[in-house]
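The first chain written gets the first letter, and so on, giving A, B and C; residue counts start at 1 in each chain.
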Amino acid sequence: MRNLFTRLGLRVVALLYLAVILLGPLAIVFWRTFEDGVAPAWDALTTPETINAFKLTLIITAIAVPVNTVFGIVCAIAIVRRKFPGKALLNVFIDLPLALSPVVVGLALFLLYGREGWFGTWLSDHGIDVLFALPSMVIATIFVSLPFVAREVVPTLREIGDEQEQAARTLGATGWQTFWRITLPSIRWAVIYGVILTTARCLGEYGAVAVVSGRLQGETETATLRVQERYDAFDLAGAYAISIVLALTAILVLVAMTVIRPRGEAA
Amino acid sequence: MSILVRNVSKRFGDFIAVDHVSLEVESGSLTALLGPSGSGKSTLLRIIAGLETADEGQILLSGRDATRLAPQRRNIGFVFQHYAAFKHMTVRENVAFGLKVRKRPKEEIRDRVDELLHLVQLEGFAHRYPAQLSGGQRQRMGLARALAPEPQVLLLDEPFGALDARVRAELREWLRQLHDVVHVTTVFVTHDQAEAMEISDQIAVVNHGRLEQVGAPRDLYDRPASEFVMTFVGDANDVGGRLVRPHDLELLNEPADGSVEAMIVRVTILGRDAKVELHDAGGAELVALLTRDDFDDSGLWRGQTVWIRPKHERAFAA
Amino acid sequence: MVFVGLPMAALLWEASSEGTQSFWDSVSSPEAVAALKLTLITSLAVSGLNAVLGTMTAWVLVRDHFRGKSVVNAIIDLPFALPTIVAGLTLLALYGPTSPVGINVAFTQAAIVLAMMFVTLPFVVRTVQPVLQELDPEVEQAAHSLGASYVTTFRRVVFPNILPGILSGVALAFAKAVGEFGSLVIITGNIPFQTEVSSVYIYGRIESGDSAAAAAVAVVLLGISFLTLLSIGAVRHFATRHDRA
């Protein structure tokens, strides 16, 4: 009997906690957005500035995700399979973007590429715009979403061990063939899972991009920056509408994660 | 293809895994590397395969220096203790792998794989995944996979170590038959002396990274070069500081020259043999193996005090 | 490594470019100190709440059975997937001036805690959950059969096993809370000395062109992040040593 009470009590507390913190707020936004029907939300979404903002977000994501996927796989293989000096340091560095404030990341890039930054003078001499332009936003996004693929792949690589790779080599496969035919297929679900997380992080990045973009409307404004801009302009409907699209994307990501996680664990 | 290991050493940190080992393996022979776990036998095999690099010494394959050659260029087949099956490939794809990476024509691959699946009796399992096979089947697949590219040397690292006793015995017998058909130079690692004795032409006994003795199974048993070989290959009793095989012990009713007093604690009839277990005066356990005829004639009984004497004995510098 | 290291080097360079005195002045300015204090206090509070509520949630997800559990399990990751700015906006919709339930915490310190709790919710749950899953329920049952009460069983049997998980989850949550920005900008109002946390303060310094001051405080946050990562590494090291023993 006591067991049942404990169990039910804990269940109620846990569910209430999730409802108060997560689901309640999200439900309200859905309700507020469609309070007056779909038309106002649609209108808010189809302004040129908003369409531009979504486009920019997609472009940045389309560049950052492949870069981080390749980087993540290379890093994971280096961490698990190779021995080299400074490996422990790499292990810490790779997690840093997870623990670091995105504003700090933005500032660091701002100082590196800004007009008086280390690279800034050289870049402006050669007429290359990095800060307040797409390149810095891409770099910032890559930075904050850097660890996700590596963090998923590292434990999987450890678990599968290197025997299959050794077997491939004794069978005459080159390093490259071994990677494509043995290693990559074995870690594919971890990679896909990491890619999904990376994508979510790229689509949702705000702080670092806010610092380096300069937030030029219609030019360097991503979807998340656009939410803030609409809110500041007292256009709640607009802010909600964009938020809903981003939230739906997030839910899509959750569904993908739920579908893929058990597969990865079975492999 | 012959294998020549010349003065090879390998350390892992402070641990000396292989200590100045030289070994010759004749082309077409079946050689066992026999030793207790941690003796360095697997490391030696992996150095021959190129999966580890020797700190010093040379590996010659067919007289050609292969010490620095990458494993994929040594033309070897390697069978792993835990199978190292490619989990995301079917049995057919596993076996075909070595041919595919060599970009052989499709028909050739198909025919060769069919032939090998037949050889290892896995024809009906071609489209299964390794997870759907038993341990013995997986290891047969591992063998087929290693043999597919027609390696000149087949290396097996405790190939039957992860299998249960019955499957082990079956595969052991089958490997010997396979070797008689394929004639590929074969080296296999084992810690099981019965396994080594049963199927190999030559046994190299390894202990503490050093080669203790190399020879035909019968030579090792009859003429062990060291105390370690004597005790590791076959059973041995310590009779007053002398090592004696159980079947080399005489049981006498009276004291004689060089005999030791002992009491019979147990007698087991093993079909044609009789195993007599004894305790000597110091309480140490001894085992004597008699033929049934000798035992029946002797009239020995449990609790009887006898004098045991070695028929042959071997002395080793301790 | 260069990609991560170089910007950090630039940050350190900027913070120290005008000497330690100026660095110290920037860090110890009243507004910066107030922001840092607020950040640390709220982050610690959020870490504590996470430790308790996150562990409870993980326990419910592993040991309890009810309809829709898999959906609840999936929802835990929502804060990972949802953009922080959207998180801030949704919290404002329910707990702001237009709240349909009549709770308005907008522009207060409670709002900071709320937003931080939202973005850090998955960390403890996701680090404790796998450990609990590995822990055989029979161990708990054995403790009960030996006469241990539920509290004693948890304290003596379950807790020691999941402690490393809780600690590394809490550390991650703490690091995330200290650096949080996106979800706070809308809901806190960024009032200096009241609801302005360090990341928002840094952002303000950048906007007003005082990047040296921004860099100084940023270095402090960077230090906190590093220490947190190192402590997670230490916890992991200790935990695996415990396993091996």
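FYI, a contact is a pair of C-beta atoms (placed from the backbone, for glycine too) under 8 Å apart; a residue touches a chain by one contact, two chains touch by 3 or more.
Quick caveat: nothing in here was measured; it's all calculated off a predicted structure.
By number of C-beta pairs in contact, the leading pair of chains is A-C.
The most distant chain from subunit C is B, comparing centres defined as mean Cα coordinates.
In terms of Cα centroid distance from the overall Cα mean, chain A ranks first. Distance between subunit A and subunit B, defined via averaged C-alpha coordinates, is recorded as 54 Å.
We define each chain's centre as the mean of its Cα atoms; on that basis subunit B and subunit C are separated by 57 Å.
A separation of 18 Å divides the Cα centre of subunit A from that of subunit C. For subunit C, no residue reaches two or more other chains under the stated contact definition. Taken in their complex, subunit C has these residues touching subunit A: 1, 3-8, 10-11, 13-14, 53, 56-57, 59-61, 63-64, 66, 70, 72-87, 89-91, 93-95, 100, 114, 117-118, 121, 150, 172, 175-176, 178-182, 185-186, 198-200, 202-203, 206, 211, 214-215, 218, 221-222, 225-226, 228-230, 232-233. Of all the residues in subunit A, the ones that touch subunit B in their complex are 160, 163-164, 166-174, 177, 181-182, 185-186, 267.
On the subunit B side of its complex with subunit A, the touching residues are 49-51, 70-78, 80, 82, 84-88, 97-98, 100-102, 142, 145-146, 148-149, 155.
Those residues of subunit A whose C-beta lies close enough to touch subunit C in the complex are 2-3, 6-7, 10-11, 13-15, 17-18, 21-26, 28-29, 32, 86, 89-112, 114, 117-118, 142-143, 146, 197, 200-201, 203-207, 210-211, 223-224, 227-228, 231, 239-240, 243, 246-247, 249-251, 253-255, 257-258.
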